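In the two complexes below, chain A is the common chain; its partner is chain B in one and chain C in the other.
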Partner chain A sequence: MFDLLSALDFLSFGFYPDIDKWRLVLAIVIIPMHAVLTVFCVKNRYRLSYCLVLTLGLQMLTLWLSIGDGAILRSVKLDELSGLCLNLLLAYWSIPLATILAAGICFILINASSKSLAYILGLFFDLIRSLPLVTLLFFNTLILPMLFNPKLIITRLEAAWITLIFFLCAYTIQIFLGAYEAISYHQHESAKALGISGWKKYRHIDLPQMLKHSLPALISTYIGMIKDTTLVMIIGLADSLGNLQLLISRNAYKHYYIEFFFILGFLFWLTCTLCGWWGKQLERTSNYGKT
Partner chain B sequence: MAKHKIIMNNVSAQIADKAILNNISLRVDDQEHIGIIGPSGSGKSSLIRTINGLLPISSGTIEIDSQTITASQPSADCSKIGMVFQDYALFPHLTVLENLTLSPTLRNENSTRDIKDRAFSLLDKVKMNGFGNRFPASLSGGQQQRIAIARCLMTEPEILLLDEPTSALDPEMIHEVKSVLEGLMQSQLSIIIVSHDISFIKTTTNRVIFMDEGKKLSDQATDLFFTQPENERQISFIQQLDH
Partner chain C sequence: MINSNHRILSIVLWLAIFGIITAMISNLHLHISRQNLEFGFDFLLQRSGFDIGDTWITHQANMPYWNAILSGLVNTIIVAAFGIVIATLLGLVLAIMAKAPFVIIKSVSDVYINIFRNIPLLVQILFFHTLLINTLPEVNNAYTIGASYVTNRGIYLPTTSPWVLIPIITLPYFFITRRIKTGVFLSVISIGILYFSQWEHPVLNRFNLSGGGSFSIEWLALVIALSLYTASYIAEVMRGGFEAISYHQYETARALNISYIKMMRHVILPQAKPIFLPALLNQYLNLTKNASLGIAIGYPDFFGVTAGTILNQSGRALEMIFIVMVVYSLVNYFSITMISKISHPQWKRHV
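Up next, the complex of A and B:
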C-alpha cells in the first residue's frame, strides 16, 4: 500500500528502531543548534578554545545519542543507522573534526622545524587528495582490514567516517595554507617585533585570520562533503540513496521513483543552502569593522 | 658620560647574496635620538631591522645592553625594543584594545588588570581614548599609526625604532601623529627614527646618520649635518631637499 509518510520515514531513518527514533531526531536537531551557537560565539568573540570544547562536546553527545550504548540508553547497532540521518550525521561528524585536524596540521606545516615531518605529512595528504573518495572508501573498508589484523574489526561505518575526515582534511589543509598566504608579511614582522611567535602566534594571529579568509572556500568544501556522504552507499551502507533504491524496488512505490528522487534532491538542496546561508552569517559576523 | 645603549660593530647584512648593509658601525647612547635619512633603497629600514632581529646579520656584532647579536646568534629577546612600521601593521582581527594587550598578555608578565590599565593610559597618551573597542579597519591611517605607537609602548621598551612612521599618511594625519611622536621624544627612550620629514628630524633628533647604497656615509650632530655637510653625496642630497 502506498503511504507517503512511512516512505519518508524510511528514507530518513531506514531500519532504525522506532522507539529510539527520538534520539536521532534530537541528534539532528543539535546540528543547526550547533551552527547557530557557532555564529553566536563568533559574534561575541569568544575564545577559540570555547568553540573547540563546545564542538567536541556536541560531537560526543550526538554520537552517544545516535549509536551510543550504555546504562541510560538502549544500545543501537551501528548498522541500524541509515537513511538521510546517516548522511547528515556523517557530514556532521566529519566536518568539524576534519577542520580541527587540518588546523593542527597546518601549524606543523607552517612552523615545522623538522622539514621531514612536514614533507611526510604533505605527501600523505597529497595522496589522499589525489585518489577518488570511492577508492579510499573501498580501500579502507575492504582492503585495509585484510592487510592488517583481521581481528581488528572496525565497522564499515567507522571506516567510512574516518575516510571522510581525512579526505575533507586534505582539502581543508590546502584552503588553510592559501588563507595563511593572505596574511600580510607586515603582520608576521610586527608579531616578531612584539615577541609573539610559535604556537601563540599561530593561535592568536594566524589561525583567526586563516579561518576568516578561508570561509567561502571552506563552506563550499563542506557542501561538497555533505553530498559526498551519499558515496558510502557503494560500500554497502544504507544511506538515503540506498534506502531510496530499496524503497522503489517495492511494488507500491516503483511508479513514483522520480517523485522520490525529487524529494530527496529537495532535502539535499535545503541542507546545502542552509549550510551556505550559515557561512554567509559567519562571514558577516566576522568582518572586523569593515563596511 | 652617557652609557652606550646600542653598539654596532662592522655590521653587514645580505638578502639572497645581495649586500644590503655594508660594514656599518654605530653607537647609540642612552636616551639619544637618532635620525636616519637617505634615498629610497639605501638600507635605512634594513639597518634598524637588524637591531630587533627582523633582518639577520651576516657579519659583525650588535650589542644591546648585555645581549650580543652575531650572525650565528640571532636576537633572542626584543621585549626592550619597540618598533613602529610605515604601514602600521595592526592585527586586523583584533580590537584596538586587544592589539595593545595581546603581547603583554601572552608574555604573562603582569596581571590582566595591570595590562588593561596600562593600555588605557597609553590610549590616553596617543589621544585615542574611547577607541578601545573599535577595529583597525574602522580607523583612519593617522589613528591606526597612533594605536601602533601605543602598542609598541605596551612592553615598556627602552629602545624605539620608528620606520617612516608618517610616510603613508596624508598631511592632516601627519600632524596628529607627529604631535604624539614629539611627546615621545621628551621621554627617556633611545630612539632611532627613519624619516623623510627633514623639519621633524631637525627639531627632534640629536644626531643624523646619512645612508646610501647600504653604507653609512655620514654621522653628525643634527645642526652640523645640515650646516657643515661632510661629503659630496650628502651635499647633493641636502640641496635636493631645499628644492
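Up next, the complex of A and C:
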C-alpha cells in the first residue's frame, strides 16, 4: 500500500525510535535558531568568545537531545541516527567544530617559531585535500579503529564524523590562510608598533578580519559540506540517500522513484539555498564601516 | 612571522605530534600482529582471480592484481576525459547564456546552475542510474539505431580497429589552427578509412548482446551526472571570468555592431580565458576526484577496483590505502603545479 507520509517519515527519521522522534525534531529546529542567533551576535558585535560558548553549548545540546544520557532522556545509540536528520546533524556537528579547529591551526601555522612544524601540518592537510572524500571516509572506517587502543571501539558513524571534521578543516585552513594574506600589511605594522603580538594579535586583529574576508568562500564550503554528508551512504550508514535506496527497492514504492529523488533533491536544494541566504545575511551584517 | 614568544608552543606541539604518531604506530602494530596481517606489495604480482566486466584494458581472472589497478585507473581517466569535455562545452554555453541580453535565456541558465549546484552529486548519480535502468528497454527488445543497440545494460556500438580513430581525433586540431585544406584532406581520408575498414557489429542473442564495443549503463550514468554537475560549477567560474572584463569592452563591441556570439568568441573569451583558467583546472581536478563516486553504482573505476574489489578479495587494507593515497597525491601534485604555473602573472602577460 502506498503511503506517502510513512515514506517521508522513513526518509527523514529512518530507524530512529518512534517515541524519541520529538527530540530529533527539536535538535533540527535548533540549527536554524543557532544560525539566527549568530547573525544577532554579529549584528550586536558581541565578543567572539560568547559566540564560541553559544556554539559549543548548542552543539552539546543537540548531541544530548539526539543520543540522550540514560538518566533524563532515554539513551539512543549514535548509530541509530538515520535519514535526513543524520545528514543535517552530521553537517551541523562538523561545520562549527571544523571552523574552530581551522582557526586554531591557522594560529599555529602563522605564529609557529619552527618552520618545520608548519610544514608538517601543511603536508598533513594537503594530503587530506588531495584525496576525494569517499576514499577518506572508506579508509577511515577501516584504519581509525586500528590507530586507537583496541579497547576503544570506534563505530562507523564516529569515524565518518571525525573524517568530515578533518576534511572540512583542511579546506577551511586554506581559505583562512588566503584571507590572512588579504589583510593589509599596515595592520601588522600597527600591531607591531603597539606591541601587540602572538595570540592577542591573532585574536583581536587577524581573526576578525580573516573571518570577514573569508565569509563568501566559507559559506560555499559549508554548502559543499552539507551536500557531501550524503557520501556516508557509501560506507553503509543509513542516511537519507541510503534510506531512499531502501525505499525504492520495495515493490510498493518502486514506480515512484522519480518522485522520491525529486523530493530528496528539493530538500537538499532548500537546505543549501537557505544556507547561502544565511551567508548573504551574515555578510551584510558583518559589513561594518560600509554603508 | 616567526615569533620567539611561541617557542614553547612549538616545542609542546612537536612533542604532542611525536606522541600521537608513536601511539598510533604502536597501536597499528598491535592490531597487525593480533590479526596476523602482513604488510608488503609482493601480492600485486599474484593472480587476481576476478574479472572486471566494464574496462578499456581487459582484465581477467588469471591476470595479476596490478593489471586490475591499471584498468581501474584507465577507467577513471576515460570517465574524467569524457566528463571534462562535455562539462566544459555545456558550462561554456551556460555561461554565455547567463550574460545574454534576453531575460528568458538568462533565467534558463540561472535556474540550471541553481538546481544542479545545490543538489548533492551522489543523489544525481543515483538518480540517473535508476532512471536509465528503468526507462531503457530490456535486451530482447532493444532500441536499434543503425547497427547499434540501446538497452538498459548499456549502449552497444559497432567497433573497428582503434588506429582508425587517430585521423578523426587529430581532425579538430587542424581546424582550430586554421589549416583548413589539410583538415578537409584528412577528413576525406578518414571517411574513406571508416567506409572500407572492417567493422565488428554487436549481435543480438536471446538474452544478451555479443561482439562490438559497449558503454555500460554505469559509465553512462556517471558521465552524465558528473558532467551536468560540474557544468554548473564551470558556468559559474566562466561567468566570473566574463564579469571581470571591463564593461567598456562589451560596449565597444556593441558599438562596432558585432553580434553577441561573435563578441563572446572574439572579444570577451580571449581576455577572460587567462582569468578563469586556474579555477577551471581546479574544477577539472574536482571532477576527476568525484569520479570515485562511481563506487556507489558499481562502476569499476580506480577507487572502486582498489578499495572495493581488491580490498575485499585480498584483505590488504593498508597497502590499498597507500596506493590510493600515492596515486591521488601525485595527480593532485601535478595539477596543482600546472595551475600555479599558469596562474603566474608572467604567463598571463603572454596570452
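Methods note: the second predicted complex is superposed on the first by the 283 of 291 C-alpha atoms of A that agree within 3 Å, B and C clash if a C-alpha of one lies under 4 Å from a C-alpha of the other, contacts with A are read in each partner's own complex, and residues count from 1 in each chain.
The criterion applied here is as follows: a contact is a pair of C-beta atoms (placed from the backbone, for glycine too) under 8 Å apart; a residue touches a chain by one contact, two chains touch by 3 or more.
Note that the structure is a prediction, hence the values are computed from the model and not measured.
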Clash or fit (per the criteria above) of chain B with chain C on chain A: fit
Touched partner set for A:92, first chain B, second chain C, both or neither: neither
First (chain B), second (chain C), both or neither touched by A:204: first
Partner chain(s) touched by A:273 [first = chain B, second = chain C, both, neither]: second
Residues of chain A touched, compared between chain B and chain C (which is higher): C
Partner chain(s) touched by A:194 [first = chain B, second = chain C, both, neither]: first
Partner chain(s) touched by A:171 [first = chain B, second = chain C, both, neither]: neither
Touching partner for A:161 - first (chain B), second (chain C), both, neither: neither
First, second, both or neither for A:186, with chain B first and chain C second: first
Which of chain B and chain C A:131 touches, first, second, both or neither: second
Spatial angle chain C-chain A-chain B, Cα centroids [nearest 10 degrees]: 100
Per-pair minimum CA distance [chain C against chain B, superposed on A] in Å: 12
Residues of chain B defined as touching chain A within the complex: 52-54, 77-79, 81-83, 85, 87, 89-93, 102-103, 106-107, 134-138, 148, 151-152, 155
Residues of chain A defined as touching chain C within the complex: 108, 110-115, 117, 120, 127, 129-132, 134-135, 138-139, 142-143, 146-150, 197-198, 223, 227-228, 230-231, 233-234, 241, 244-245, 248, 257-258, 261, 264-265, 268-269, 272-273, 276
Complex contacts: residues of chain A adjacent to chain B: 184, 186-187, 189-196, 200, 204-205, 208-209, 212, 286, 288-291
Chain C - residues contacting chain A, complex: 1-7, 9-10, 13-14, 17, 24, 27-28, 30-32, 34, 114-115, 117-124, 126-127, 130-131, 134, 289-290, 292-293, 295-296, 303, 307, 317-318, 321, 324-325, 328-329, 331-333
